[in-house]
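This report concerns only the one structure given below.
By letter and in written order, the chains are A, B, C and D; residue numbering begins at 1 in each of them.
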Amino acid sequence: MALQSLDIKQRSATTTPTPQARQTVEIAKLIDVSSCIGCKACTVACMEWNDIREEVGTCSGVYDNPVNLSENAWTTMRFSEVEQNGKLEWLIRKDGCMHCSDPGCLKSCPAPGAIVQYANGIVDFHQENCIGCGYCVTGCPFNVPRISKTDSKAYKCTFCSDRIAVNQAPACAKACPTGAIQFGSKADMKDYAAKRIADLNERGFDKAGLYDPEGVGGTHVMYVLHHADKPSLYAGLPENPGISPLVSLWKGAAKPLATAALGLVALGSLFHYVMKGPNEVSKETEKEVEEEDKA
Amino acid sequence: MNVTRRQFFRVCAAGLGGSSIAMMGFSPTAALAEVRTFKLARATETRNTCPYCSVSCGLLIYSTGDKSKNSQAEIIHIEGDPDNPVNRGSLCPKGAGLRDMVQSPNRLKWPEVREAGSTEWKKISWNEAIDRITKHMKADRDANFMTQNKDGVTVNRWPTTGFLASSAACNEAGYLSVKVLRSLGMTTLDTQARI
Amino acid sequence: MTNHWVDIKNADLVLVMGGNPAEAHPVGFKWVIEAKKNRKAKLVVVDPRFNRTASVADFYAPLRSGSDIAFLGGVINYLLSNDKIHHDYVKAYTNAGFLIDDGFKFEDGIFSGYNEEKRSYDRSTWKYQLDKDGFAKVDDTWQDPRCVYQLMKAHYARYTPDMVAKVCGTPKDAFLKVCEYIAETAAPNKTMTNLYALGWTEHSVGSQNIRCMAIIQLLLGNMGMAGGGINALRGHANVQGITDFCLYAQNLPGYLSAPTDADVNRQAYLDKRTPKPLRPGQMNFPQNFPKWHTSLMKAWYGDAANKDNDFAYEYLPKLGGASDVLATFEAMYHGKMNGFFCQGFNPLGSVANKRKVSDGLSRLKYLVVIDPLATDTSEFWKPHGEFNEVDPAKIQTEVFRLPSTLFAEQTGSFTNSGRVIQWHWKAADGPGEAKDDTEIMAALFLKLKEMYAKDGGAFPEPLQKLTWAYRQPAKPAPEELLMEINGKALADVTDPKDPTKVLAKAGDQLGTFAHLRDDGTTSCGNWIYCGSWSQAGNNTAKRDPADPSGLGQTPNWGYAWPVNRRILYNRASCDLSGKPWDPKRTVLKWTGEKWGGNDVPDMRPDAKPEENVMPFIMNPEGVGRLFSRELMADGPMPEHYEPFETPLDANPMHPKNPKATSNPAARVYKGDMEAFGKAKDFPYVATTYRLTEHFHYWTKHSKLNAIVQPEQFVEIGEELAKEKGIAAGDRVKVRSNRGFIKAVAVVTKRIKAFDVDGKKVHTVGIPIHYGFKGVTKPGFITNTLTPAVGDANTQTPEYKAFLVNIEKA
Amino acid sequence: MIRDPKDLQRYNASERANHWVVGMSFILLALSGLAFFHPAFYPLTQLFGGGVWARILHPFIGVLMAVSFASLFLRFKALNAMTPTDWEWVKRVKEMVDGDDHNMPEQGKYNGGQKLLFWALAVCVLLLAVSGILMWRAYFDFGVGLVRFGTVVHAAVAAFMIALILVHTYAAIWTKGTIRAMWYGTVTRAWAKQHHRAWYRQMTGK
């Protein structure tokens, strides 16, 4: 295997650890929703850099285009008009992969190396290894991965791993005109967020805070929210995301237990045969039948 | 009975055998995970300015080839120029999408004419286009050029052909246009400054 | 912009009114966010819609479209009546104490000198009282009832908070809150910047909207300050440059007013444009007009412009009347035009009343479209379903379409709205046979020149004599052109104080317009660009982003006109003694012997403070004008008038005078007046605007932009939607008295009904951008709906306030 | 093996074919399913031409198994109705497992264990089919909550069913003379008399 430009922390469907000796800086994108104007520069820059083009859709009565994430739209803006404390607010959230520390997609993926987590925190899909089963969709707490209708491969934000590998900021962060998307080490991003939160507190947003949910071990895409106590205001951002217990069961305990149970059944049968011997037709019965024939 | 059992095993043999071999490591290694190669390596970088609003963001235009004689440059990517003091590398959704403007399917590629009353375009050469347009211009100018107004003041104007100038043209192009148009006596002249 | 984009970060308060920078100028808006993040600046938005800018604002106040002057008049009243003005500044740097002619009056909504028949003013009484030396009389105590301060105070006393609420539909407390924010910046060390764009200009009172803000910024002492000023955000990449080169009839390059029929000879022309100072000792910079004009004529006609022929004065066409786009299409509509060129301009989409534009184009003999893209205009004759219903057989216009190159395929310079000229380099060839605009102009010119040389014809001299010393005549290089624009010494230019001192040698590129001469010894294609390509080379290509002052001035990035000055009127950032009002943001200061600091002084560098040379050097009075004398067509002080299509029966400020309902001095053509709709048929106020995802009618050809905003829509409030039974996503038909469009309805909380004078007024928001050509979903052209009436001064059409009706399609 | 004309016909040709369609598809499903279930089994996808082919084929084979099992089910459901004797047999299954079938109640064509297995398999196939459709992203798009539930059900039921089939297979191997019933359709009378005496009597009239 070639040496990676980015060190790999874990790999889907791989039971042994990857080389772990090298320590690299953990990176993050900080999306300061309070500075976001929903201009979609990030959306366009993402499609441009990654050479993907969503279909030209239609207006469905809101500003949200592309209307949803897709294999060709790895990020999209979600607009919510809410009234808080008698004041209208237009909350605009950039939706896309959160690059969880504990990624549900990777946990669910059955194809070795189709999903990798780099040591810097990026969770990346490798389409050449992807088998298109959609388990990553099932595993994701944020409803991010999409299976292509044309090639049945899973796609999502790569965090521009190709840019990161040459020490360039992701396309979205670079483009962002208002600096609502910041890119840097996760530690720096948290410090930056603290400053933004202090500023928001001063401007009357008492509940401003950082969205870096524990349930998935923290994320490498974090939000500064004016109303951190109500993430769901932001187009249904999960209050307390985590890998679903069903998924944990399926890809956690169930995996070894069921495998062991099957092994035991097989072994049990073998030993039963060895210990008890075959269940053969008895000599008496054979004789009885022979006698019946004679009779 | 023994034969039967053997036959049963035979059914499974292929499957089990195959999988055992695979489990012993004969399967292709599927776990390679290299990031996409950085696509701008060795692309030609050109500094430019966004043609949309008058924030005039600095651009880096990346094109294929190294400007050698036999390679035709194709623009493959456009992003913000981090040195530009105004945009510092950032771009808006319009600027970030510039590549699709440059490569729009609706770019014009050759001169065309739509004849009076016709329902379609006809491709023509530049020579024909310039010949025909200048003939129109001269005929109109010669017929309608006003040397003096009714009070006998010399006015030297040509009011019957107008020109709407692009606000996206370079200063140099704008200057040349105004220089030529005024020399022709044209007074019906406006730009998209206001709308 | 008086200041520049990066300077916005120096503001304490950013007032966005008449614009929506987050939507239309997101990257420039970065500096608003920077001001918020790093200076704890506040952002206040006043707009009919809760827009993208409002989404990150500290305070938002709604305002009925077309009532800005009522609001701003209210602000002026608040500042004056609460004495929230920067007294030292106003006293020193404005005409507050200037006495006004006794004949000047304002009665029942009309200023003195009105001629109803001509819809225009005789402005002869809108002037200062002059003393025997011809200088304006000033009462520094501001007690004289005829002084500007007193007249202004009386004028705006009518704009009470209650009146504002009544006219604008803005809740009184919201209005007062905005006033408080603004008033805080009257402190010498606090600045407000104002960002506006077409939201102010596209009204029949557009220029006066901006005048209001000029008055406010002068009262607050925010002009010339870092983080202050009045900042027009502006549209196209080079709209500033093309405006500077005056690709419009009224002016010659460098805003030199073009000759009209009244200017019978060169002397009369120059005299009229060379003002006398109105106060002693002022710079009165426009007194240099003859130098600029003569140098221009030398650039254009070389030796053929000389003293003997009045520097080829007769080669310049004289304007016979208005020739803005509205006037042009009026003439075209009436069959008075034969030919028309559209260079990078899509008038079918951009100009008011599409039907009239289309009919006008149909009456031409020939139309030439020079564009990189297949524009709607180029196919005005072609049926495109319900979006463009025409019969080609009936349209006898010959249409030519010439492919031009785009920015990426050209080398040259653009000027941004902060007046910074930046050079850019070509990255690739254009597609197919596309040619640069310069090449196309050269081809047309050279062919005509040849035809006139061969066959003769009307007045061929200017064509034959036009300078064309380009190394490749068919391909003038941008470098050659910028050098010509910058200008050069044709003979040695010497110091007037010391004729032995040569400032510029014959043949040298000039370094500053101070070296221009009116005797034919210098040439310059545009005086304000003088210095852009000096002996040092191409200064617009400078790329040093260093910012030594930390104010974002970056003096060695590109070249700002004039003379690389980054903040205009920067002398006003200091008090009379030359000390900065806010030393933490020093733009300029008096060093004891000259003006220094962090910018090129907007002042004679050695003008001692005690000489009292005032900062507004382009004004003959040297100070900023609270009262604009006779310079505006529709009044020396802004007054609220209703849009031409108003939802109200009368102007609430002047309910009894129908003449004062809408701008009495705005030009309205016959036919257009009849095409106005009435509120009983069209009860809703429509306002058109841009979306951040699109640029004019260009990006509909770009797939990436089509993806992020694919289809035409209109925005209405939830209340109106309910009344009309319209749900988000429904198709609706919006109708004005000039036509209709169909689009998808976006139903939003962000547009609320206004309570105006007891009447409920709904707003219908209509983005432009869509048309029948493009990769977006085909759509109707929004300007099908708009009225062909413009601002009294600039003729900018009233796109921001007109009447429509809406129904489910 | 000597065929004896007196051997008893236990399965006709069509029943046998049906059984083996189910059996073969089950094996393929188990192999491919295990490959997705645990990384250790992933190389099994090579049997199908790689991971992508395994992913594509698995649900189609699943449909085949569901349909063929449904046919099998209809054929045999009446014969598998549980009777009190069956329950008695089930209660005393330990003796049977210990290899001592002398005192086991007399059985018809199927014993209680076989019948329970039949019903358990039926339930498994039903659950696998339904949960499998929930997971079949190429053609269906259900809410993620439902899919997650379906996935766990699919995995658990599949594991259980594999275990059942192992038992089923082992039982066939263990009980000598059984497998030929599914190869040739016949069993010896002695086999029938020993393991399914009631059925033996019914068939022979003795």
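Convention: contacts are C-beta pairs under 8 Å (C-beta built on N, C-alpha and C of every residue); 3 or more make two chains touch, one makes a residue touch a chain.
For clarity, every value in this text was computed on a predicted model and none was experimentally measured.
With contact taken as defined at the outset, chain B and chain C are each touched by A. Chain centres computed from CA atoms place D at the largest separation from chain C. Mean C-alpha positions place chain C and chain D at a centre distance of 83 Å.
In this assembly, the C-alpha centroid of chain A lies 38 Å from the C-alpha centroid of chain D.
With centres taken as mean Cα positions, chain C sits 50 Å from chain A.
Averaging Cα coordinates per chain places chain B and chain D 64 Å apart. Shared contact sites, meaning residues of chain B that touch two or more other chains, fall at 30, 78, 87, 90-93, 95-97, 99-100.
Multi-chain contact residues of chain D (touching two or more other chains) are listed as 40, 42, 51, 173, 176-177.
Residue numbers of chain A whose C-beta contacts span two or more other chains: 14, 39-41, 43-44, 48, 111-112, 129, 177, 179.
Remark: chain A residues 13-15, 110-112, 129, 131-135, 137-138, 140, 143, 147, 152, 244, 246-247, 249-250, 254-256, 258-259, 261-262, 265-266, 269, 272-273, 276-282, 285-286, 288-289, 292-293 touch chain D in the complex. Chain A contributes residues 1-2, 4-6, 8, 11, 14, 39-41, 43-45, 48-49, 111-113, 116, 124, 126, 128-129, 158, 161-166, 168, 171, 174-177, 179 to its touches with chain B in the complex. Considering their complex, residues 34-41, 43-44, 47-48, 53-63, 65-66, 73, 81, 83, 88-92, 177-180, 195-196, 199, 202-203 of chain A touch chain C.
Interface residues of chain D, counted against chain A in their complex, comprise 6, 35-40, 42, 45, 50-52, 54-56, 97-99, 101, 135, 137-138, 144-145, 147-149, 151-152, 155-156, 159, 162-163, 166-167, 170, 173-177, 188-191, 193-195, 204, 206. Only residues 22-23, 26-27, 29-30, 33-34, 36-37, 40, 50, 52-56, 58, 60, 692-693, 703-713, 727-730, 744-750, 775-777 of chain C touch chain A when the two sit together in their complex.
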